[in-house]
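Before we start, here is the structure in question, set down as structure tokens.
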Amino acid sequence: MHMADALLSPAVGGAMWAGSLGTIIYCAKKLRDKMDEKMIPLMGVLGAFIFAGQMINFTIPGTGSSGHIGGGMLLAILLGPYAAFLVIASVLTVQAFFFADGGLLALGANIWNLGIYPCFIGYPLIYRAIVRKNNSPKLITFATVLSVAIGLQLGALSVVLETRMSGITELPLGTFLLLMQPIHLAVGLIEGFATAGIILYVRTLRPDIVDDIEGVKSVASGVSLKKVLITMGILALITGGAFSWFASNHPDGLEWSIEKIYGKPEIHRKLNPVSENLAKLQEKTAILPDYSLPSKDGGKAEETAPSWPAVEPGTSISGIIGGLMVLGLVIVFGFGIKAMRKMRDRA
Amino acid sequence: MSFDLEFFNIGYLDTLSYKDTFVHRIDPRIKIIVSFIFILFVVSFQKYEVSALMPFFLYPVFLLTAGNIPLKAIAKKIVFVSPFAVFIGIFNPLLDTGVILSPFGIPVSGGWLSFISIIMKFVLTVSTALLLIAVTSFPGICEALERLKLPKVFVIQLLFLYRYLFVLLEESLRMIRARDARSFGKRGKEMKTFIRLISVLLIRSVERAERIFCAMLSRGFRGEIKVLRRHTINAYDILFLIISVTMFYLFRSFHIVNIIGETVGRSFR
Amino acid sequence: MSHHIVELKDVRFRYPDGTEAIQGITFKILHGESVGIAGANGMGKTTLLLNLGAHLLPTSGEVSIGEVTLAKRTRQEIRRKVGFVFQRTDDQLFMPTVYEDVAFGPINLGLTEEKVAERVKSALEMVGCLHLSNRPPHRLSEGQKRAVAIATVMAMDPDILIMDEPASNLDPKSRRHLINLLKGFVHTKIIASHDLDLILDVCKRCIIIREGRVVADGPSEEILMDEKLLEENSLELPLSRQHNNKF
């Protein structure tokens, strides 16, 4: 369920990073004020634990395939929302670097998708609301499964929205949702039960871990219900608006908007002053007249824009030749550096 | 990839990150900034762009060769993580079938172009992330993050995570091996066993954290940990920054590939 | 010099789950003495050490290091006098590099950057690990980790060195290196170990613990040669002293 850089646009990626960074700073501030010193090694070690735990597979009942836990909600229950968010962010950071899970731009989106919902919706609004002093196993299981499932649903929905708004994929919204949501519902239920099982079992051996890691949980009570509801309301409005926009039957709508953002015609204009001289020469020495580049004639680009607005002239034959040459140059460059290094090592 | 291989793999990248080459010595902040800008430029291309992406391969190739990183290791990893992008991207050729161009008479649909574009962007961005860690070392990245003003709490526990990552991976590896030695086929891998294993691992982790805290206290810990600053930005770093970003900008704004192609084509006449 | 005396007066310790780990221990250790603590597993060695290191507070009785009696508010003070080397090296080396781990203590003592660098250098030199300064701990061998762990403690210039199973998991060469290192330290040393040969080599005095009580306290040469005493306590003669005709 990790986003990949290649599916994101800079705008969406940047926005998600802004959100995640803001939340990281917010959580750090909250922790600094109220945190017990022994939280720091605990957070780090639990982060490593999540990593290690994800390596352990279990067979999913009913199917034959194996699965593993995500751990977001588990962390929220053990550490409270602020610490858990930071730990989730760290786990994803390590994954992004060492496992190339998604990429650096997508990291912001992934931190949001996998961290915000368990920590600031699942835990305070669902888990904590249900589980109070009354700690019966059935209740805990119910609360856990519900919060994990909802958290994952929201996360999956976010992935869909981010991908759509980036406009890189042709997948229609409906199909995308149909692919993502049910799968993640199943995953959510399974992980929910697994998490509940872990919480309950650990409670029998070391209740202090689950019930309250000294002074940490009190930090959780700082999340005000009102604030969260207001934020959710705003988010709902935004996503609702986005939904209706994409639901509109304007297949060109997306391309049109992308063009507006990245200015396809503008790039033509940038190209023209540079290639104008070359273009003049070209007119006299046309290579393959059938594949002449529209950029020779700025006006032609404008004409072709409406029918295939997103087409770059570069995808013509010149593009292919040029592409191969550049590739060759890059390879030569690489070997050149290797040779340079070998010479220097020998010296 | 089975757990064993993944485990050793992460260790491999980690080992590479402690080499000593020119690239390794560049200040981590610069490397992070340049890589991030690189990724932004790459993903800013519209969805049908293919050839203009080519020159961007210079950056990962540079990191790879100058940093003395074996190509095979990076390539294997990229292939391993590609399924999601491929899965989403493959819908493009299926849904977008309008033919955009026909080089040499072979029709190529927009969908295929955008798919190739996705794959190229994917390789560019993912390889950059991998190479960034391969030439920087994780503590280096953490130091850079702290100096880039990320909260200290976050950075410190990131460092702790990294420190104990291998320790805990080893512990869970031992548990998995122990379980596998006594389970046959599906039995032993059910949820119940899993919950037991994970819970034990969790408790052990918490106990470990408590012992670490004890050790910290015994050395006078009172709440503040200092992140060591081992890097300073020098002229070479700034040069690297300026050259890279300028090149990225040029590649993005001017269709180098086309210009070269035209020039070459022209020379045939 | 009385301010380095370690004294226990009828110390008892009970864990929260009810286990009576220490049931009345009394002894006195003078400045510069090196004492080995031996006994079967679960007999209270580690608990005793943790009390001495001010990580646990005795349920009753008195622990005093120098003139300071161990109590909740004097814990920090006592920890500053005591250099504690834990059983598991991974718990002790928690910073990104060796240098930072060794520097952790001196920095917390409030020393200046130059002084910290000085302490780190000399501590690492002392254990022969200066060349490992920039290594991350997870890239060290067990023997190297053990040496660095000792360095982290030595850098704080403690009066007393407490070590819990220092030679466990070490290959023979590292073990020998460790023993030579310890023999070179002039600090007061309290070492809990299963490695009776190590105790014989490093510690002049040996205390045997059973069921949370002291059952023997005297010169190592005597105690560790008393076969009957050792067998009563689930111990054996040190390997170096076992007669050849046993085999």
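As written, the chains take the letters A, B and C, and residue 1 is the first residue of each chain.
What we mean here is this: a residue touches a chain if its C-beta (ideal position, glycine included) is under 8 Å from a C-beta of that chain, and two chains touch if they have at least 3 such contacts.
Worth saying up front: this structure is predicted, and the values here are computed from it rather than measured.
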{"item": "A-B against B-C, pair bridged by the larger set of C-beta contacts", "value": "A-B"}
{"item": "Chain centroid nearest the full-protein CA centroid", "value": "B"}
{"item": "Separation of chain A from chain C, taking each centre as the mean of its C-alpha atoms, in whole Å", "value": "49"}
{"item": "CA centroid of chain A to CA centroid of chain B, Å", "value": "14"}
{"item": "Rounded Å distance, chain B centre to chain C centre (Cα mean)", "value": "43"}
{"item": "Residue list for chain A, restricted to those that touch at least two other chains", "value": "41"}
{"item": "Interface hub residues of chain B, defined as touching at least two other chains", "value": "138, 159-160, 162-164, 167, 208, 212, 216, 221-222, 225"}
{"item": "Residues within chain C bordering two or more other chains", "value": "94"}
{"item": "For the chain A and chain B complex, residues of the former touching the latter", "value": "2, 4-10, 13-14, 21, 24-25, 27-29, 31-32, 35, 37-38, 40-49, 51-53, 55-59, 61, 64, 66, 69, 86-87, 89-91, 93-94, 96-101, 103-105, 163, 167-172, 175, 193-194, 197-198, 201-202, 205-206, 209, 258-259, 262, 264, 267, 270-271, 274-275, 278, 281-282, 285-288, 291, 293, 295, 308, 310-323, 325-327, 330-331, 333-335, 337-338, 341"}
{"item": "Residue ranges of chain C in contact with chain B within the complex", "value": "53, 55, 76, 79-80, 82, 84, 86, 88, 90-92, 94-97, 99-100, 103-105, 107-109, 136-139, 152-153, 156"}
{"item": "Chain C-touching residues of chain B, taken from the complex the two chains share", "value": "15, 18, 138-139, 142, 159-160, 162-164, 166-167, 208, 211-212, 214-222, 225-226, 228"}
